[in-house]
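Two complexes come next, and they have one chain in common, chain A, joined by chain B in the first and chain C in the second.
What follows is the complex of A and B.
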């Protein structure tokens, strides 16, 4: 007989061991899935996890790409994690990411073709502001009218996507683009470009911003009273009230900060790797960041590791897809397994497994 | 300074690439698809072209592909990785891959690129597309003859010239045989999203449309029409023959195989040159899928006659007099549209209602 027994305190050991266990279980189950598909599981896993980092043919290109792909994930997940810790659920980072990119790009393009060095910083500010404003909608609706921020922020993603489509074919469309949708190429406009800062590393300003955000979040959580309030509000809302936490302010702060960070990620992407505002500009960073936040245990350092791991599965997954002919759906299922196993083994953090007969209580 | 560094980086990448494809003498051909190969439409047909290349060249060729690649930064990475893996020729099969293709091509001067449905070229980048509007005219004729409600629904994807051209061509042909016909265009803002496409089809049918045309790639509108009954549809990009004879009464089939085989051969022979290709019904790039028995024999004969006339060059789907939607003159009596205007078409012709979103 196997029984689960609730722990008095969540296990600290398991809190850190479960992500590792989840990764191992994913490797095993994923390998099985690849084998069932008729692919060599070892070759598949090697292509996903080893080749992008060390293969002579690809690594010099893939390794920097790891940072390019991980930076927006880490930037967004860091903001989300602060809110998640306080029990404030911003599910709409994807929308804030889009609006950040739109505001930033719009602010810059309004001054095209200026070559002022102030253009890029201004676009970054506008991007952060845009993400912040979009997140203020669920925040204010929650504090004023007690709406559910999960629903409001999620549904605003779809509003943002339609705004994006409208902007890409309308207001922000490249007038020299022959009637095709999509803005001017921002990465080819030096005043607005977000280039690789050190050649061969993939590091652009978004990577710098992600590192700063992680350090800032770490200090905030560990050393600052506000960080203590965030943790307290998540663990025990009643105790938090007694400690003088104003829940409304916390909602505004957490949603606003995560929105601003998502907006930053958006504008760095639009001016850098993506290069332009197009109808399909958003590729799911805002949603994947939720997985990254949880995989990283809502801890800034954990998020960095989780973001890099997630990026690796994307880049390696693409390699495996065309090198070995693995369907892309299998790669996505593989990524999904990671979150699934993490949530499944999370039980171990809060529960103890008891083998043997359950004692009969008198 | 930054620029020089980028160039140096590019040179290093190119050197790597050259080293990589010297390893074997097989010609390696890569394909990048915007949808899953099982979409039953656009990407499916490109993949059929890839399989035809494999069958034609056998051991002399190796093909690789990547499906469901988002247009943008991810596409650029996938292309680069493919080039690094030693591909000699890469087909990028969606409009949104245009700038990524140009960027990657600049880094790999020895790799040839072929971009579908765009307008940019470079020393090692060709572009190719099909004159789908010729097939749209045939569809429009059948639609105009078949509709009883005189309401034709049209699921459009993105407001780009290719799509607008298709709407105009279908409308002109329908109007010619049925002056009372009305078009109701829904913009789905996606190439492939079965749920969205099904919703669009249902909405159009509820508003009275008994013919639904689609410029999106899934078979979801066909399924929605089958469910509604008494609504006809046309296969898009692929035959979608599993929905024949009703609701699918005909289709436009993109046949990329001859072009792909031709271009791979050119790379093998060392005769590949950058060019722009825009082929239609005549060379077989656009095919009209079998017109089913749900269409009366006389309508079928009329449609096939139009198809032959377009193929022989006797009829052009855009022949004046045609006015633009705002009433201004576009083509005078007997004048046919030039390719430049068609390639950049951003207006509706007179008679169509609604606005092109922008």
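What follows is the complex of A and C.
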């Protein structure tokens, strides 16, 4: 009989070894799946993980895409992870991302075609503020009326999506666009554009913001009393109260910060890679960031690695389906395997496996 | 002489890294009350679990009634005639007594018959109980009766009782002992687990003393002194805590008309609690758990705020201040629940200093935590209070109950409080650690601090406190000097009767 036995202390060795083990298991299981589908497993894995970064033909396009896709994931996941650490579940980052983009773009377009250098910073601020405000709705409902922030934040995503559609065909529609839905192209308006800062890297201001957010979150969690209180509240709410933490303030802070970071990601996307507000502006970064946060073990450094890995599997997956004719469903199954193994082997950090007779422990 | 009921011979049980029972032998005669005595971690629980079919021994044998006894499960144990009353009750609050009893039986009779049998058993053995009463409305003593009746319906030949008196008032203890003596008179054997020496001397015919998983002595408890039993149990002499009595100082903490609604559905309201503590004094607040102890601690620690003017420290009104300002002012607290309230289970001992000492010890400056200072402070606690642990990097849940309790109390004491409030400071703690903690509380008072000890353990309160009051259903009785207070007077205070007149009607 196989039994799990809780470790007295989480194992430090396994905490680092489990991601590696998970990647190896995914490669084996994914390779098997590709082989069953009649594809060369080595070629498939190589197309997903290697070609986007190093292949002479594809890397010039794919490599910058890595940062473009990873930056919003990391930015949003960093904010979410702080809340998750405290047991505050913001599931609606997608909505805060949309509202951030709408507020930022709206604030900028109100002044079109000014060429003031203050336009872009103001749009960024308005984007953060928009995300923050959208997150304040579940925060205030929770602290005032004890509503469930998971439900409220999630449902507000759908409200935000409809607002986005209405804005894209209404208030924010490009007056010179011949009636097509979608706003003016912000990336072609120099005062509002969020350009690639270093050519060929894909690094725009969103990448800078993500790096700053990660450093800030790292210091907060490791060195600051507030970060300690966040961890404490998540692990033992009663001990947090005893320490003097006011749970309501923590809810406001964590939801507000994650909302603001999601809003930032939204406005950087709208002014940069996306270029405009369109009906299908949001592509799920807010939801994928939840996965990234957990994949990174709610740790800022882990989130950077997880964000890059997720971005890579998206880019490589697209490439593999395009080049090798692997069905998109198989690519998604492969991504699912990666998540499954990462979370499944995590059990080794806190438990040891015992082979032998099961019995009730003292 | 007839053969004994139960013989345990050379039983051994090892867990990874620890031998819980090493070659343990004992014999229980028919109609004998046998005490199993030992500190926490001495191996009492493991031995009992083997008897009740929860754990299988690695070696050795057990003989019940001349037949080999190897129960594979609690059901098998019950069928063989072994019943057990656990320290923690397994009852459903929302169901009535009869329903709870039925849930514990493999083949419950129809409800009407069952109610009748419950009534018979409860009358025969002096365990007053109404089968139709909802368990949620019962006192701890009455709940225990439900468990005992449930066992007795199975007509056990051996009844195991694990620390049965820890939740009872002295009067309830007397009732329980009457019941147990009746059972003994009928030939039922009882294995009685406790670390309360006076009880064992009063009740038990024989005692087996365990230390570190081994039998270190067998005796007739009535023929030994409590001190001798304690020495056997602990393995060395235990000195009772001492301190110079000092003249009462100025009033440090004043509580006036403190009332609070219950924090949740099963909580207790505090009703007009008033008292004051002077510096250099230890006051004891007794009472059975669930009568407002947790609520009183939360109101003093600042986890719950009360009306203005109800909590005053050295003339400063703290009633509207949270835990951190109260700590900075000098009012510190150590809650009962070590894991999850006083300390975060998965955080290290260093990290756990930040829970209560960040501000007062200056472990965080402008919000930035000085982890070096936190580690030093944790090491200081470990050294000063003899906390047995590999080091300050160990997580709190890896510590034994006694060691964690020393850490938690030590963390507050080393912060040099003006007033310290502790709830159940030695609950589930071995005798040596308990002695260390009590001495530390007395030393703290001797240095001029005021100490409030909330406890269910009356012996402890008699030992450390200058004045004593009882907390019953959220009401605090007037304080009386501990010196000269008799156990029966205390029992009456706990029963909620605040003077002797009411007691005579009882």
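Just so we're on the same page, the second predicted complex is superposed on the first by the 358 of 362 C-alpha atoms of A that agree within 3 Å, B and C clash if a C-alpha of one lies under 4 Å from a C-alpha of the other, contacts with A are read in each partner's own complex, and residues count from 1 in each chain.
Just so we're on the same page, contacts are C-beta pairs under 8 Å (C-beta built on N, C-alpha and C of every residue); 3 or more make two chains touch, one makes a residue touch a chain.
Because the structure is predicted, anything quoted here is derived from the model rather than measured.
Chemist: Putting chain B and chain C onto chain A via the overlay, clash or fit?
Modeler: Result for chain B and chain C: fit.
Chemist: Could you say whether A:50 touches chain B, chain C, both of them, or neither, answering first, second, both or neither?
Modeler: Touch status of A:50: no partner.
Chemist: Is A:199 touching anything from chain B or chain C once the two structures are fitted on A? First, second, both or neither.
Modeler: first
Chemist: Could you tell me if A:226 is touching chain B, chain C, both of them or neither one (first, second, both, neither)?
Modeler: The second partner, chain C, only.
Chemist: Decide which partner touches more residues of chain A, taking chain B and chain C as the two options.
Modeler: Looking at chain A, the partner in contact with more of its residues is B.
Chemist: Applying the document's definition of touch, where does A:236 land relative to chain B and chain C: first, second, both, or neither?
Modeler: A:236 contacts chain C only, not chain B.
Chemist: Is A:61 in contact with chain B, with chain C, with both, or with neither (first, second, both, neither)?
Modeler: first
Chemist: Would you sort A:158 into first (chain B), second (chain C), both or neither based on which partner it touches?
Modeler: After superposing on A, A:158 lies clear of both chain B and chain C.
Chemist: Which of the two partners, first being chain B and second being chain C, lies in contact with A:16: first, second, both, or neither?
Modeler: neither
Chemist: Please compute the chain B to chain A to chain C angle from C-alpha centroids in the superposed arrangement, rounded to the nearest 10 degrees.
Modeler: If I round to tens, I get 140 degrees.
Chemist: Just how close are chain B and chain C at their nearest CA atoms in the overlay, in Å?
Modeler: 41
Chemist: Show which residues of chain A lie in contact with chain B when the two form their complex.
Modeler: Result: residues 57-58, 60-62, 65, 68-69, 162, 165-166, 169-170, 173, 178-182, 185, 195-196, 199-200, 269, 273-276, 278-281, 283, 315, 318-319, 321-323, 325, 327-329 of chain A touch chain B.
Chemist: Sort out for me which residues of chain A touch chain C in the complex.
Modeler: 8-10, 223-226, 228, 231-232, 235-236, 238-239, 241-244, 246, 359-362
Chemist: Any idea which chain B residues touch chain A in the complex?
Modeler: By the definition above, chain B touches chain A via 2, 5-6, 8-9, 12-13, 16, 20, 30, 36, 64-68, 70-74, 76-78, 80-82, 84-86, 95-96, 99, 119, 158-161, 189, 343-346, 357-358.
Chemist: Hey, which residues of chain C end up touching chain A in the complex?
Modeler: Per the touch definition, chain C meets chain A at residues 15, 20, 45-46, 49, 54-56, 301-303, 322-324, 327, 333, 335, 337, 339-347, 351, 354-356, 358, 364, 367-369, 371, 394-395, 397-398.
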